[in-house]
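Presented sequentially are two complexes of subunit A, the first with subunit B as partner and the second with subunit C.
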Partner chain A sequence: MVGTALFFLFAGFAIMCAISMVYHKNPLYSAISLVGVFISLSCIYITLAAPFIAAVQILIYAGAIMVLVVFVIMLLNLDDDTGPNRLKYLYTLGGGLGVVLLAQTFFIFYAVMRAPNVPSDQTLSAGKTLTIGQAMYTEYLLPVEIVGVLLLMAIIGSVMLARRLAQPQLEIVVERESEIRHDEQ
Partner chain B sequence: MEAVIKTAFPFMVITAGVVIGFQMVLMIVAYTVLAERKVLGWMQGRVGPNRVGPWGVLQPFADFLKFIFKEDITPDKSTKFVYFLAPLVALTCALMPIVVYPFGPEITSVDWSFLPMGLGEGVKALPLTIARVDVGVLFVLGITSVGVYGIMLAGWSSNSKYSLMGGLRSSAQMISYELAMGASVIGVVLLAGTLDLGGIIRAQQQSTFRWFIVPQFIGFIVFLIAAFAETNRTPFDLPEAETELVAGFHTEYSALKFALFFMAEYVNMFTVSMMCTVLFLGGWYVPGLSHVFEVGSIPYALVSHFAFIGKICAFLFLYIWVRGTLPRFRFDQLMNFGWKFLLPVALANVIVTIIVVFFLNR
Partner chain C sequence: MEPSLASYLALSGILFTIGAVGVIFKRNALGMFMCIELMLNAVNLTFVAFSRYYGDTTGQLFVFMVMSVAAAEAAVGLGIIIAFFRNKQSIDVDEASILRN
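This part shows the complex of A and B:
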């Protein structure tokens, strides 16, 4: 009873934040709305007895990734005026994907209605930190390692992009760039 | 009627816990402000506030009344909603971690069957914590990292260059030092084998030498430095550096909104001190107390509780002491120190701890 009420509270908040994220013209408002979505999702995880996922959701998405996004938006200090709208075809694409998502949602409702009503196993420890850790480092070791290597590659790539070149190297890069532009003209 | 009361009873107990706990924390925070002014005064050869009440003990209330009665100014070109939201986010995120901390041991000696309508039936222990979360450490770190938004949004929405600079500095600083802080906590989590704050305290109960400050001394130092940076205190108070940024992210704030930021800073100091106590100083545990009082009795819980508060107050004093002693970092020094010294040291500490724990558990 209380659980259902809490679910509808947090789910409603998540949907409201998601809509406001999509519709706001100001990127900072969109980013704040996205943080709202993450926080309400993590509240739903807590009511579903998965505290680890909830804590990680807040720690990583709301606390780290979105902070960086907001930081970049603040640094760029974007103006309110919007550029020319050249991506009209994306509206149709987005609409189509939305319909697919809606169909999926209704399919899930349908499948849940059809499924026999099994009382949940109270001894199940799927959401516990220990179980997640054991599964990650035994059964799913390969995917974890692959993701780790991918993240390491991303870090090295961003360091390569952001590093400051020494003066002679920088001049070489600038010369090559200007040559390319000269050729194009 | 009886059924309603029986369903509502757990919520009432939790609400009572929240009210009592938050009230206690806010009182301690109010007197931390007074203590800071007094101690700084003594360190600088002054007397500090001594006009309101005997020895100035009513000063926090006088300050608070003043904050309430000041005019609340909103800058003309500020982003109104975000400007309003920022102090709320800051204070909420500062206060929320309090709910998962164990303020003392469980009280098991009381027989609760005297309660009417069988409310006390089956209740064996009264835990001195509001909510027991088995990922308490992650919860605290997560909520603390959300607290950055309060400062960032305040800086952005004020539409003032000082505020924006303060907000940018502060978010860069907090992102950088969060990593070192998280890495220094991993050592403790490895030794305790749990993310539960109560479990971490239990793992330190064998003797004083099992307090994690002994095996994790490097982790403790890293945590302490990162904690000073996370709470924007001297020597890391660049976000508000009065001399260059006037007051940083809260330059434009006045009246109660400023008071909320002010309270958030001191509540953050309190919660970080509490985290440090739980992780490294054995939480509420007092060595040898179980020989004096029976474990689980009320005096045992009370003495342990006050020992916990005492340890926290020692950390709060350290904050004030450092503020009266050290000058401020320069911003490039701060970043270099965080990324090139503190983070590698914390990571090395984690690796050594992993190896030691691996060989000890074989």
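This part shows the complex of A and C:
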């Protein structure tokens, strides 16, 4: 009973925060709402007997990624989103996509209702850090190594993106173009 | 009395829908980025729920992988957004039309 109450509490909080994230025009409000989603999902992970994932969710998502996003928002000093001047058909497309996905969700809900829904007792060990660590370094060693290489590539890529590119060549092109325009005039 | 597997999947589906609709409706790149993070989280929830109901550690392990990929995506994506802002003084994705005609 307590589990159901907690689930509906945190699920409602997560959905409200998600809607407020999409609704707000100011990126900073969106980021704060997204932190709310992450924290309530982390609480749901705890009720699902996955304390390691819950801790990692707080550390990586609410801690690292959202701090990075808020840092970028502050760095760029953005204004609010201005009015919609976008292609109109995107709104109908988005609405249609939302309706289709929601219909799919409820289909899944009713399809799974009949499946056996009692969590097995042996799952209690599945969420332990010890179990996850053993699986990570024995059975799934190769994926872990691949993720390591992926993170290295991301580090190198972000450094390459963030450094100031050598500008002189671009300036030369711009100067030539302005010279050509002067000649034409 | 615990909530059934179906309710976790329904929550995950609703969050995914909100994220997918948000990607289309949002106009600034940071908003779209955050909606993508929301979709990744919705998928993580299904992994953990199935891991709980079938007693398998693999689901939680792959949540860990998804989180690593999300971290890499955050690093590269925010780098791209900053580089874009440096050129255009805006992160409105409508401005990114330099390849059009």
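The rule is short, and it goes like this: the second predicted complex is superposed on the first by the 135 of 185 C-alpha atoms of A that agree within 3 Å, B and C clash if a C-alpha of one lies under 4 Å from a C-alpha of the other, contacts with A are read in each partner's own complex, and residues count from 1 in each chain.
Please note the rule applied: a contact is a pair of C-beta atoms (placed from the backbone, for glycine too) under 8 Å apart; a residue touches a chain by one contact, two chains touch by 3 or more.
Source: prediction; values computed, not measured.
Enquirer: Judging by the criteria at the top, classify the pair subunit B and subunit C on subunit A as clash or fit.
Expert: On the shared subunit A, the partners fit.
Enquirer: Is A:L75 in contact with subunit B, with subunit C, with both, or with neither (first, second, both, neither)?
Expert: The answer is both, since A:L75 touches subunit B and subunit C.
Enquirer: Just to be sure I read the superposition right, which of the two partners does A:V67 touch: subunit B = first, subunit C = second, or both, or neither?
Expert: A:V67: touches subunit B, not subunit C.
Enquirer: Figure out whether A:V35 sits in contact with subunit B (first) or subunit C (second), or with both, or with neither.
Expert: first
Enquirer: Tell me the contact category for A:V56 with respect to subunit B and subunit C: first, second, both or neither.
Expert: both
Enquirer: According to the stated criteria, A:D183 is in contact with first (subunit B), second (subunit C), both, or neither; which is it?
Expert: After superposing on A, A:D183 lies clear of both subunit B and subunit C.
Enquirer: In the three-chain superposition, say which chain, subunit B or subunit C, touches more residues of subunit A.
Expert: Of the two chains, more subunit A residues are contacted by C.
Enquirer: How far apart, in Å, are the nearest Cα atoms of subunit B and subunit C after the overlay?
Expert: 14
Enquirer: Which positions of subunit A sit in both the subunit B and the subunit C interface?
Expert: 52, 56, 64, 68, 75
Enquirer: Which bits of subunit A are touching subunit B when the two form their complex?
Expert: Of all residues in subunit A, those touching subunit B are 28-29, 32, 35, 39, 51-52, 54-56, 58-59, 62-64, 67-68, 70-71, 74-75, 128-129.
Enquirer: Quick check on the complex: what are the subunit B residues that touch subunit A?
Expert: Residue list for subunit B touching subunit A: 82, 85, 133-135, 138-139, 141-146, 148-149, 152-153, 155-156, 164, 167-168, 171-172, 175, 178, 195.
Enquirer: Which residues, counting only subunit A, touch subunit C once they are in their complex?
Expert: These residues of subunit A touch subunit C: 1, 3-4, 7-8, 11, 14-15, 18-19, 21-22, 27, 30-31, 34, 37-38, 41, 44-45, 47-50, 52-53, 56-57, 60-61, 64-65, 68-69, 72-73, 75-76, 78, 81, 84-86, 90-91, 93-95, 97-98, 101-102, 104-106, 108-110, 112-113, 115, 117, 119-120, 122-123, 126-127, 131-132, 135-136, 140, 143, 147, 150-151, 153-155, 157-158, 161-162.
Enquirer: Which stretch or stretches of subunit C touch subunit A in the complex?
Expert: Touch list, subunit C to subunit A: 1-11, 13-22, 24-28, 30-31, 33-35, 37-38, 41, 44-45, 48-49, 51-58, 60-61, 63-65, 67-76, 78-83, 85, 91, 94.
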